[in-house]
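The structures come next, written out as structure tokens.
Each of the next two complexes has subunit A plus one more chain, namely subunit B in the first and subunit C in the second.
Up next is the complex of A and B:
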């Protein structure tokens, strides 16, 4: 099948879902009200709370949620065939992510723009906040471990990307100094920055062999694998980067990344349209080796971001909710944001499945789940290289370009992840009364780096002794649990308003069943392999999943009990315009 | 005046949050975000507070049916670049002038009226901004 037909079909389904399903959710489930006084109006201060045009807000929202994970998960999941991967991306985007991101905005808007962490405590109970922090702790640990592994693996397999990526660090710092110290405009410097970054790609390619030889020599002198050396370097970078003021590196890199996001999407979809590529991977992979992870439940946790991502609830609640002009704008911002990420995930599936050189090439690349997880991102970069060749760029340079984009996103994620983990470590240390750790920035940073570093170096799992595939599945599971917590908050809120929460309950139940089922299967796998570290990690996440199910069940039960008693419709809401004015009189 | 004929005033200033390449698995910043320290974003907060004065002055001086006022982060180029280009061209600016305004609008703490960046200080003085905005709106009417 032509890849362009696949891409257009997905976009058409998204359009239909926005036209028909999103209005149902908006009207019948969330009960959006055009007269509702949003926090942006009620607390309007021109600083944090301000009514914002929905197109402005969509730009903020989409560039904030897109990242590397919606590329990686789908590239691995094509192991089951491109059909199941794409089906979950489309169904997940429409019925899970759309409801989740949209709902997180709405609940936050109806509760004074509070974040999902605070709302879990307000809507469910006080314990839910501790649960939220613990889930986030494990999620960030896994995020940092898998992304360090991904970057290390890409550097080891694409040494041509090393020079551009290391060039990007002083480049971003230079742009930051220029923008923030001289207060000059950012557009031309950031475009020049991206051009300079891409000009370093041929330089990187020219020096790929000596860079690889150097890394190999250092790694052998230290008795390490090349990938391990890069992982150590990546964590050293993250340790330093997370201690820098955000305006020095993190914020200026946002300018470069936002350009790269749109360039990458244009190269992929443009290349597919011009190049006439055909989907050559099997629609459904019927030649999986015995003992492979089953579609149920593992497809649904291998693709988390791109189908549904719990972290979006943190973006949706809080900042986005404080700027929403009209209650009804939540549909456009939330649903279109998820569809943008779904399009990125679709691009990833097409890149690894189209124009690959036939079914035999697929069988070789996706021989088993270990090969798929270790190689998925490499296959994506190769695919983008093929698409770039439609524009007359060599496939090798195109592949390095794709590696640069993915590593830029992944490195930004790690910078953020380690910073966030530092705060979570301090907060958990405060909760369990370990005061020295709670007060020590150095101590919490060291914990935030060492724990995921240890995990990323854990051996075992597949034939080549790599644990990455297992870590990725645990990451997906934990991300889905975060989404589950947000959906539970949304479902309780919907139920209290005497509305039908089925549209929220369906993805909630599905995600909780898939995650607990996957965690349960993996417990057996880890025990059978005597992999006690991952067994312990899996067990801890399993306990959190059960805890979440119990809390969500109890909260929903209470909500239905309340419904049976006095009406509590909108009890936690900020008022409508007429109610507010009556109160003031 | 209909929504289509309303003027557009954009206040460009950074937000105290991360934006770009990470939000699927991380989120840094934002008031009451639970995760994060305000001190990370002290520079952004200073700009936000300063532009907050300008925003409130404009909201008090410019009726909603005359102009839509939005605050945009300069990193939000997906919105900012096409919006300012369109506004400037609609106002009659040639391509060169439109591009210069697009470029100038990605500076911290600027005020843009219908695609035209106003020559104001950094941060702009609220009263001067109100006067400059009305002058720009009046010149368009004239």
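Up next is the complex of A and C:
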């Protein structure tokens, strides 16, 4: 099948969902109110609370949620065939992510722009706040571990990306200082910055061999794998970067990344349209080796970002909700943001499945789940290289471009992840009364770096990424649990407002079943392999999942009891004056 | 005259692109800068007005003379912090 047909079909389904399903959710489930005074107006301060045009806010939201994860997960999940991967991306985006991101914005807007962590305490109970903190701790630990591994792996396999990526650091600082000091329009400096960055790609390609030789020499002198050396360097970078004020490096990097996101999407979809590539991977992989992880439940946690991601609830509630001009804009910003991410995930599936050189090439690349996990991003960068060749750029340069984009995203995510983890570590230390750690930024930073560093070094040796695949699945599980917590908050909020929460409950139940099922199966796998580190991690996340199910169940039960007590059961979707008043509160 | 119109249209178009680019890409970053500068300012105001908040200030003797300079900012700070009136009567409102 032509790849362009696949891309257009996905976009057409998204358009239909936006036209028919999103209005149902907006009107019947969330009860959007054009007259509601949003926090952006009520608390306008010109910084955090600022009414923003919905198209611009969509841009902010989309660039905040999109990153390396919606690329990596789908690239691995094509192991089961591109059909199941794409089906979950589309269904997840429409029925889970659309409801989740959109709902997180709405609930936050109706609660003065509070974050999902605070809302979990307000809407469910105080214990839910602790649960949220623990889930976020595991999520950030796994994010930092997997992204460090991803960057290390990409550097080891794409030494041509090393020079552009290291050049990006002073470039970002320079652009940041220029715009900060001159206060002039940023369009020209942005174009110059992106052009300079991409001019470094041929330079990186020219010096790839000496860079690789240097890294290999240092690694062998230290008796390390090249990838391990890069992982150590990446964590050293994260340790230093997270000690700098955000505006010095993190924000200018993010600024360059947001340009790169749109350029990458244009290269992929433009290349697919021009190049006439055909999907050559099997629709459904029927040649999986025995003992491979099954589609149920593992597909649904291998693709987290790109189908549904709990991380989005943090952005939706923490930032986007405070800038929403009108209550009704939540549908556009929330749903379109998820569809943008779904489009990026679709691009990833197409890149690893189209024009790869036939079914034999697929069988070789996706020989088993470990090979898919270790090689997924590499296949993606090669795919983007193929698409870039439609524009007359060599496939090798195109692949380095893709590696630069993915590493830039992953490095920024890590920088943010380590920063956030410091505060989570301090908060948990406060909870368990370890005062020296709770009061030391150095101490919490060291913990925030060392714990994921230890985990990212687990997938070493000659396991061909098997252990990385396991880490990735644990990351996906934790991400889905975060989404589950956000959906539980939204479902309780909807139920209390006497509206029908089925649209929220359905993805909530599905995610909780898939995550607990996956965690349960993995417990057996880890125990059988005597992998006690991952067993302990899995068990801890499993306990959190069960805890979440209990809290969500109790909160929903109470919400329904309250409704029954008020004698309004069955009047779920009836518009009422008091319901509108309740919504406005 | 007639050739000036397309040029003007081009210039207007460029200005619109610049403004859209600024709103889309630069605004979140500028907000970050504003947030950072506001945090620093709030820290200074809090330190100077520590005694007004009921906390002993070892540098109070020296910071006292900054009160008139910062009183207005302190007023904005305590209102932002959810205190309608200043905790210490006589400092501002």
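The working rule: the second predicted complex is superposed on the first by the 549 of 585 C-alpha atoms of A that agree within 3 Å, B and C clash if a C-alpha of one lies under 4 Å from a C-alpha of the other, contacts with A are read in each partner's own complex, and residues count from 1 in each chain.
Assume a contact is a pair of C-beta atoms (placed from the backbone, for glycine too) under 8 Å apart; a residue touches a chain by one contact, two chains touch by 3 or more.
Here the structure is a predicted model, which is why all the values come from computation and not from measurement.
Overlap between subunit B and subunit C is detected when the two structures are superposed via subunit A.
When the two complexes are overlaid on their common chain A, residue A:528 makes contact with neither subunit B nor subunit C.
Of the two partner chains, neither subunit B nor subunit C is touched by A:432. In the superposition on chain A, A:46 makes contact with both subunit B and subunit C. More subunit A residues lie in contact with B than with the other chain of the pair subunit B and subunit C.
In the superposition on chain A, A:221 contacts neither subunit B nor subunit C.
In the superposition on chain A, contact of A:564 is made with neither subunit B nor subunit C.
Residue overlap on subunit A between the subunit B contacts of one complex and the subunit C contacts of the other covers 45-48, 50, 52-53, 56, 59-60, 179-180, 185-187, 190, 245-247, 251, 254-255, 258-259.
On subunit A, the positions that touch subunit B within their shared complex are 44-48, 50, 52-53, 55-56, 58-60, 62-70, 113-115, 117-118, 132, 136, 139-140, 143, 147, 179-180, 183-188, 190, 245-247, 250-251, 253-255, 257-262, 305, 309, 311-312, 314-315, 318-319, 322-323, 341, 408-409, 412-413, 415-417, 419-420, 423-424, 479. Residues 45-48, 50, 52-53, 56, 59-60, 176, 179-180, 185-187, 190, 245-247, 251-252, 254-255, 258-259 of subunit A are the ones that touch subunit C when the two sit in their complex.
Of all residues in subunit B, only 14-15, 17-37, 40-41, 43-44, 48-49, 51-56, 59, 68, 70-81, 83, 102-109, 122 touch subunit A in the complex they form. Chain contact summary for the complex, subunit C toward subunit A: residues 17-18, 20-29, 31-36, 38, 80.
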